[in-house]
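One chain, chain A, appears in both complexes that follow, with chain B as partner in the first and chain C in the second.
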Partner chain A sequence: MSELARWLAAAVVLAAVPFFLGEYHNDVYRKMLLWVALALGYNFLFGISGQVAFSHFAFYGIGAYSIVILLFQVGLPLPVAILAGVALCALLALAVAIPSTRLEGFYLALATLAFAQLFVVVLNEGGRVTGGTGGLMDYRLPEIFGVRITGPWYTTVIVAVLLGTYAILARLDRSWFGRACRAIRDNPEAAAAMGVNVARTKVIAFTVTSVLAGLAGMAYAFVDNTVNPPIFGLENAFLLLFMVIVGGSGRPAGAVIGAVLLYLLPFVLSPLIGHHHALVFGLLLVGAMLVQPRGLIGVYDALRRRAA
Partner chain B sequence: MRSAGALLEVRGLAKRFGGLAAVSDLDLDVHEGEILGLIGPNGAGKTTTFNLVAGVYPASAGVIRFAGEPLLGLPPHAIAARGVMRTFQHNRPFAGMSVTDNVLVGAHTRFRSGLWSVLAGRARARDEEARQRRRAAELVEFVGLGESAAADVATLSFGQGRLLEIARALAGEPRLMLFDEPAAGLTPAETARLATIIRGIAERGIAVLLIEHDMRFLLPLAHRVAVLNFGLKIADGKPDEIRTHPQVIQAYLGDPGALADAAH
Partner chain C sequence: MQDFLELAVSASASGCVYGLVALAYLLMIRPTAIINFAVGEWAMVGAFGGFLLLTRAEWPYPVGMAAVLLAMLAVGWATERIAVRPLVERGAPLLAPILALLGMLVVFRESISLAFGPDPHPVPYPFGFGRLELGPLAGSYQSFFIIATTLVVFAGVWLFFERTVAGKAFEAVAINRRAAALMGINLARVTALSFAGGGAAAGLAGLLVSPNISAHYLMGVPLAIQGFTALVIGGVGRVEGALLGGLVLAFAEQLTVRYAPVPAGYAQGVPLVLLMLFLLVRPTGLLRAREARA
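Coming up: the complex of A and B.
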């Protein structure tokens, strides 16, 4: 099968699923796809580029809030609002990345943690613009050429965001840029000796993945038709990290597995053990680090090698 | 000696670490296709010189010119982009990547297609990737790692890792190759193979600057040898002149066997 045919098949299958789901399961499905998109981006940032950043989920929130504010408070048309939201994410990403990627791991983690925390403060204190602690609600996706995309059709938009994210990251990963990112992660000095501009490469990786998170956030804004501060708190930033580590950091397939598993796990576990599912997350994380640092995808590789 | 100017010209180079003069008033020339060996006892300033050329740290004084352009003050990645590639004494492979992908990192500065072409999947970017992949495969073959081309670097032996370092550096199409004690830790068979490879590199017209401890390896290989002692150059000449140079023998008295053995 040619590459294009495979992409189309994936798009058709993923987009067809919601038409067989009820409203509740459709909602679960959409959010799962968004988590997968986020995990793929975070895998590139953390797993491939080796940047321990906690700002990825905040950029998801920046995308979500900015599209709502730009559409309904500034009054921009949808395509312009999307472009302006992308530009905002890119500018904020550069503002965070340029000073902090020059710093080594621990300081980048601190700077991005502060940024993520500051974002939630801004949301809470943003008055009429951000809607304060209650957030923004009672808005709907504008009509495009007289058509309002709703229900399972809106899930198609999310599928497009997910596949677009995957395609962009896969192309970057398989190019000189992806190899430079991995080289920096493993040995920045040797990467520099090979001609890799370490600071510049890190800033680009940070900015591209942050913009992709912002785009996913824009799609999220019309899933619940409400955005509020608690969604974009640090808890989800850490959940994203867990997804990538448990699935297998550095491997897109691992990010997909980790995101699907950790997103769906509470739905399965909550009826059984209530809110204690966080404990299971913790055990999975510790298990991954102790038994198989390459995560579930590493377990899969080992099993396949044994079978061969 | 060639009539044209040297590819690498070092003039009055000095590096002080606090009160310690690691390198003082050093002059060096390396010509295209020439193998210059840089030797000296421990602490003589060989590695410091090497790191100054590679841009790892700034010099205290002096000038380094490469193809007529000043090199000092440039960051390591910019020096690599100008055609100065290096190997590391302690192998530094990029883990979790195949041998070929490691070599492709060495070709980083040779890629002309920008990020937009890569993202758009332009034919130009795809062709370039395919072309560089073929070149990387040739280099892997040249150093004798052909059978491991697709293997993860973690599966390589120490000696193979050293060969990978060389292929990776060559992928950057260097005009000057810097070798940091390339024979260290190799078996005699591997050392012999290494000498053949380095000769092959110089025959391609690439200038070679080689730091080495092992005289038995260096003296038959180098076209010219510069000897450092306590940060000063005490001799510079053909290997035969170096073997009999009184000051060099003096400097190596702690290890008299090294020179005697190398004479055979």
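Coming up: the complex of A and C.
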């Protein structure tokens, strides 16, 4: 099968699923697809480029809030609003990334954590623009050529966002740029000695993944037709990190497994332990670090090697 | 002026709490370079220890406080055993124990929330609720108690590092791990002790602040951020820096709330903005680390 045919098959299968699901399961399904898209981007940022940033989920929120504000308060048409939202995410990402590339290891994590928390403070205090603690609601996706995309058809849009994210990241990963990112993650001095521009590569990786998170956030804004501050807090930023580590950082398949597993786990666990599924996430993370730092995909590799 | 002096006492008390959390970070970062973001949860565990022993069991305050501190030494030591030592022994990259400790953060928080539920739990004041006036300075009993306790702790830690052989061993490990190991210093013991000490310092911070804000399972992360900001402001090199950083942060916060023309909610942003500014502009903090002496 050619490359293109495989992509089309994946798109058709993923987009066909919601037509066989009820409204509730469709909602679960498309939020899962958004988590997978986020985890893929975070895998590139954390797993492949080695940047421990807690801002990824904040950019998801920046995308979601900016599209709503640009459409319904500024009054831009949809395509212009999307472009303006992307530009805003890119500018903010550059503003964070250019000074932060000097920070090593976990200091970057804390600077981006401060940025993410500051975003939530601004959302809460933003008054009419951000809707304060209640967020923004009561809006609908504008009509495109007189058609309003709803229900399972909107899930198709999310499938397109997911596959687009995957295509861009897979392309980058297999290119010179992806190898430069891995080299910097493993040894920045050696990478610099090989002629890799360390600072520029880091900034580009941060900006590209943050913009992709922003795009996913724009798609999210019309899933529930409401955006509010608690969703974009630290909880979910941590969850994203846990997904990538538990699945297996540095491998797209690991990110997909981690995202699907940790997203669906609470649905399975809630009859057993109520709202305390985060306890299981914490135990999974500690267990992964201690037993198999390459995550579930590493476990799978080890099993297959033993079978062979 | 009266207004400002009143604010100075309460800001100094919050600054001392931030300073203790920063001290907890510093005790672990200096010898191991590990940033343990779970210190906020340790503070929370200390606060819940206070609730259990002082509120529920009604132990006398000094006994309960000593028991909480001992328990926190054990919690710090156990955390190191579970989440740090296996990774260090395996020679894992520095990030591995930091991430494992993030997992421990969630484990601590969810265990407490599972055991005590989501409501805040009261912790008593050691000297009751009252107001003390010392010349022009006036504030609550608790403010003065926090300041006095913190000064004693910092004086003790300073003496430990400057005057004892064990403290010199800590410094030696901080300056050069490899050379210190070659000189016969037991790295594993220094690491275990630094985590135990970090647990006690963070637990004390939680216990001291808990009468004012109540023990609550979500109190950890804000304290962890404020403590880390204090550490970055003061610089990781010197013990005094942690206290100085805490005081600078607390004054910045309270002066913003009182005098700056911004909505009160933005005061939560003060530590965040200071953290980013210091990380980016002056990552060594206000106090420079002392050079190794020949």
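The working rule: the second predicted complex is superposed on the first by the 308 of 308 C-alpha atoms of A that agree within 3 Å, B and C clash if a C-alpha of one lies under 4 Å from a C-alpha of the other, contacts with A are read in each partner's own complex, and residues count from 1 in each chain.
Basically, a residue touches a chain if its C-beta (ideal position, glycine included) is under 8 Å from a C-beta of that chain, and two chains touch if they have at least 3 such contacts.
Bear in mind the structure is a predicted one, so any value in this text is a computation, not a measurement.
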First (chain B), second (chain C), both or neither touched by A:His25: neither
Answer with first, second, both or neither: which of chain B and chain C does A:Leu118 touch in the superposed model? second
By residue count, is chain A touched more by chain B or by chain C? C
Now for A:Leu283: first (chain B), second (chain C), both, or neither, which partner does it touch? second
Considering only touches as defined above, state whether A:Ile168 meets chain B (first), chain C (second), both or neither. first
I'd like to know which partner A:Leu110 touches here: chain B for first, chain C for second, both or neither. second
Which parts of chain A are in contact with chain B and also with chain C? none
For the chain B and chain A complex, residues of the former touching the latter: 54, 56, 75-77, 80-81, 85-86, 88, 92, 94-97, 101, 104-109, 111, 115, 118-119, 121, 125, 129, 132, 168-169, 172
For the complex, which residues does chain C have touching chain A? 35, 82-83, 86-87, 92, 94-100, 102-107, 109-111, 113-114, 221, 225, 228-229, 232, 263, 265-266, 268-269, 271-273, 275-276, 279-280, 283
Looking at the complex, which residues from chain A come into contact with chain B? 168, 171-172, 174-177, 179-180, 182-183, 186-187, 189-198, 204, 250
In their shared complex, chain C is touched by residues of chain A numbered 52, 99-100, 102-103, 105-107, 110-111, 113-115, 117-118, 121-122, 124-125, 234, 238, 241-242, 245, 273, 276, 278-279, 281-286, 289-290, 293
